[in-house]
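Just so it is clear, A, B, C and D label the chains in written order, and each chain counts residues from 1 on its own.
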Amino acid sequence: MVQGSTNLNTELTQEWLQNYVDDWVRFYRKHTVDGELASYIPQLTKADPNALGVIIMGNNGMTIKSGDVDATFSIQSISKVFAFIVACMDRGVSYVLNRVDVEPTGHAFNSIIHLEMRKIEKPFNPLINAGAITVTSMLQGRTSDEKLEGIFQLLEKILGRRPELDVDVYESERESSIRNRGIGYFLLEAGVLESDLGITLETYFKQCSIKITVEDLAKLGLILANDGMDKTTGEEIIPRQIARLAKVLMLTCGMYDASGKFAAYVGVPAKSGVAGGIMASVPPRIREEVLPFMDGCGVGVYGPALDEQGNSVAGTRLLRHIASHWDFSIF
Amino acid sequence: MVQGSTNLNTELTQEWLQNYVDDWVRFYRKHTVDGELASYIPQLTKADPNALGVIIMGNNGMTIKSGDVDATFSIQSISKVFAFIVACMDRGVSYVLNRVDVEPTGHAFNSIIHLEMRKIEKPFNPLINAGAITVTSMLQGRTSDEKLEGIFQLLEKILGRRPELDVDVYESERESSIRNRGIGYFLLEAGVLESDLGITLETYFKQCSIKITVEDLAKLGLILANDGMDKTTGEEIIPRQIARLAKVLMLTCGMYDASGKFAAYVGVPAKSGVAGGIMASVPPRIREEVLPFMDGCGVGVYGPALDEQGNSVAGTRLLRHIASHWDFSIF
Amino acid sequence: MVQGSTNLNTELTQEWLQNYVDDWVRFYRKHTVDGELASYIPQLTKADPNALGVIIMGNNGMTIKSGDVDATFSIQSISKVFAFIVACMDRGVSYVLNRVDVEPTGHAFNSIIHLEMRKIEKPFNPLINAGAITVTSMLQGRTSDEKLEGIFQLLEKILGRRPELDVDVYESERESSIRNRGIGYFLLEAGVLESDLGITLETYFKQCSIKITVEDLAKLGLILANDGMDKTTGEEIIPRQIARLAKVLMLTCGMYDASGKFAAYVGVPAKSGVAGGIMASVPPRIREEVLPFMDGCGVGVYGPALDEQGNSVAGTRLLRHIASHWDFSIF
Amino acid sequence: MVQGSTNLNTELTQEWLQNYVDDWVRFYRKHTVDGELASYIPQLTKADPNALGVIIMGNNGMTIKSGDVDATFSIQSISKVFAFIVACMDRGVSYVLNRVDVEPTGHAFNSIIHLEMRKIEKPFNPLINAGAITVTSMLQGRTSDEKLEGIFQLLEKILGRRPELDVDVYESERESSIRNRGIGYFLLEAGVLESDLGITLETYFKQCSIKITVEDLAKLGLILANDGMDKTTGEEIIPRQIARLAKVLMLTCGMYDASGKFAAYVGVPAKSGVAGGIMASVPPRIREEVLPFMDGCGVGVYGPALDEQGNSVAGTRLLRHIASHWDFSIF
């Protein structure tokens, strides 16, 4: 049995892996035509529908970049993971989980049916909109900017630069997200919001508008793969229990109502956003043979053409291909 | 970083671990009063509501047994995992997954609401009753006994003895499972059944009535932890892809509508049955420190007093405690 | 203000009204192409899709017949009204209403969603399948033939001949009505059935297979219009309270999930069946001007091409036209 | 057969009927303890929970008043009927019915489940909140006051005085009706609103806050009983088709999710409000014997203690008693 470690990967040279990934990106770029840009936020329709890019950043120090890796795009639902992490860090895990459950739903991301149907007192999980808005209401601070500060600081620690808002996306988001306002009022009525609804929604729209790159997503995915630790510095940026919990949620609920299929076919914690980003976390693993990135890696993907569930159509397939070839699954 | 291996566990002596587990079983046995015996099948009400037992069987050759480990009980829903495995082995994974999805539902195990609500053409996953009955209909054979044969042969290979049916439970099951007949007719109408409904249900009731022990569950969990391989003989009993898929389903849907919470708090693939059994699979893992059963293990639990979701109330808490102390999580 | 009475209708000669109705039937027969024959019971697909016929039978002794009035067809869901009436006559109204509610649902006739969603202990109303099967279980008798006897005797009293079963339809019904079996098991589980499920379903399939003509439907509608009394003999065939209740149910739930629209646009109690029949009851009414059939009438319609809700497409439009021209509405 | 007319009612003296009604009011006032004041709007909790009053106003000129008939209270959901009438008068019936359906739902008045479940493009009916808010959005005018003007003018014509808003109730309503805001956003997203959401909700909250008395409700009920005509002046205040349609909606959907039971047991079009008012319309009817108010009447009821469905608990029972004794049913 072989444990992933840098020296065992020597034969898997960067160049050799790069060629593979380039081939796969070329192949799956053709799949972008099977999807469509998100249209509910006007700003998102300005993306290049054929774009596809991936960055894999390993604990072994190796980074593979291929395709459209220079794009900047909005983080969208991927921010839900970090809002959850910050809320848990600020308030404690049990405080947060008393107000939002951790069950997958089988429903679309913007479903409200459960709020009525089961007379439940808390939303199903932090990665559907109802749960994410509830989590955002728990962030510390009186204004939306104060509330965002925790997320900004966490991202800055990981990315090495302070993230920026895409103001156009934010405006677009705020103006078009009628359903989120509707969800907000149901949450308000259900009594689960911890802040003023208006400020909560403003924060939520802002957190979704944070500008991000494929490389950022890879870095974020890598930190989570390492249970919240920055292996280069040894600093624990996210408490281990919280990082683990975030990965559980990503695996069971991270890919909207295709989460079950993604778990079955890809098998790693991942979270997608409607701007086309996917962040995936591949923990270190034990295998009989030597495989690339056995020490664990983070993967960032960008492909704004979405499938029906709201996930990057080509990005999902590319990830599945890579995960399958290099046996990324945590199962 | 430390990889689990037998020699590293020397200081974790059997006796030392045994004491721990005995303490925990004693402690959690008191929790059995928080649950109730399943009442929908009369036979199940004859169990000892205060029973609690666990067996942990490691790849390192160590086995810990504690509490009521001599009970024989019916496998119930845990059989769904093996029916799924056999159907995939017989028909191919894609054949099966074309007929049953792999999405968690957030609904109770015997829910039919989705069958109507989403005009879906296939049940949500193989571990809810609707999906399990569909899977059973795909087992090869004309009669219920022929259909069962595949499951029996698989279990025999793993357990080293041919399993038996608990005829009383089967009769009880057949007579009382009205809702499963209702589900059956909806599946028939939806056109997803691959066999006669009567034979399918007969097979389903029989597979749920297979007699099992805590040790059996530990053995079954260990085989799955090892991706289908019997490490002692090197034989691949279940194809790796299918074993992996079974574990994904166990993690996302194995504990009824508490699956999300189980994934969050325990973090390993597991499947429960209403007779009080739980089978859990703990794959080999990499950790900074030396931990028990790092080479991977299977866990069998028995505790017939159930919580509201239908899982062993004390068994679930005991598993959570062990998994947390010894860091079993796959995340 | 004018009260409907025979002598006031003298100028509305039979011939004059006949011409009108003939024109309307000719016109609406073209609408049959907008519908389709019921396909779920093979026998029903043998009907003439372009057939349309109507009979209006007034308390004033006048009868208008137009179009395809010689067809014999199965009563289908219209039987639900008479099963309900017989159950109320046998068991008492409160007995029946303790076991089935009288609320409209807004759902399709064969919906089961409510059975699960609201944890209700009784089906919504006697005119959806779940409620109708429950009502049928309350009919007196041990066998399906004994149970049917009450319905047969009631119909015989009204029609002047003992009705017959269409054995082919019955066989067809029994073999194809999978969903009704599914519903039956859910009712059994809910504990609302008063007889053995098999016998209940056999009775239900038989009652739906009773052979009927347009004239029969007009006669049945007339008796109900007269609150259960046969005006020609003065005999009360159905107790007044029960006849009234049947009309309330027909108005609020009689036309499947188009009942609200039918009430709004036609405004009289009516019940349709998937073989294409409609029975409507027009009670005596007070109007400023002299109008046909002011003393009340029964209307039978036949048009087997159905709309999406399962109502005769041309028949519904024809009824709406007649009701609107002659101001049949009870409102 | 007897047609209701003034001279036939001579023996039914005012005094004689008054005594009956006084007895009944005394009896049913004790039933107020079975209900509770509406609590979701703080202002409503200030009412006298034991109040019960009724006014019956006949076309024969006779008016019976009994119990607490001097109370002034807010019209609440009864305003939905008049908003619907005004929208139909302003925009045309087909315009309105293209945007809101006329189907009963079987769901609670403030349900949103259907909006998601059936992917419907219009709310179920104008008497549930979702439909009522949609109707209000169709009222003419740019501001909420302009929009209200049509309702005010209609009520003024019928009541003989310009109605007033209860400003405290309006403020209370506006501040506490979170769910209605949630519904509003879902309607906005569904694209059915014809005006700005904020103005629509302001109008809706105002229309619900109109001050009304039991006598007002009787007058309003009487006009509807007469198909929109003021019999004393001969003026058609509401077009006949629209008045009829309003009565159909009242019968099928006017008493929240007890509408079916109210139709079955009372049998007349009625609409209730959470402040405790009920307005019922009893059209002229034909009966074998002489009965009170055979020429038709309007009934106003006030009893602020509500049952679980949100209807006046004692008021509903009182109405049922009167309707049953004097055979008010339209069936």
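Going forward, contacts are C-beta pairs under 8 Å (C-beta built on N, C-alpha and C of every residue); 3 or more make two chains touch, one makes a residue touch a chain.
The chain list, named the UniProt way, goes like this: A, B, C, D = Glutaminase.
The structure presented is a predicted model; accordingly, all values stated were derived computationally and were not measured.
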{"item": "Greatest separation from subunit D - chain, by CA centre", "value": "B"}
{"item": "Averaged-CA centre spacing for the pair subunit D and subunit B, given as whole angstrom", "value": "57"}
{"item": "Separation of mean Cα positions, subunit C and subunit B [Å, integer]", "value": "51"}
{"item": "CA centroid of subunit A to CA centroid of subunit B, Å", "value": "30"}
{"item": "Shared-contact residues (touching 2 or more other chains) in subunit C", "value": "117"}
{"item": "Pairs of chains, among all present, that meet the touch criterion", "value": "A-B, A-D, B-C, C-D"}
{"item": "Footprint of subunit B on subunit A - complex, ascending", "value": "1, 3, 5, 97, 101-107, 114, 124-125, 244-245, 247-249, 251-253, 257-261, 263-264, 267, 269, 283-286, 329-331"}
{"item": "Interfacial residue positions of subunit C with respect to subunit B in the complex", "value": "111-113, 116-117, 178-179, 181-186, 188-189"}
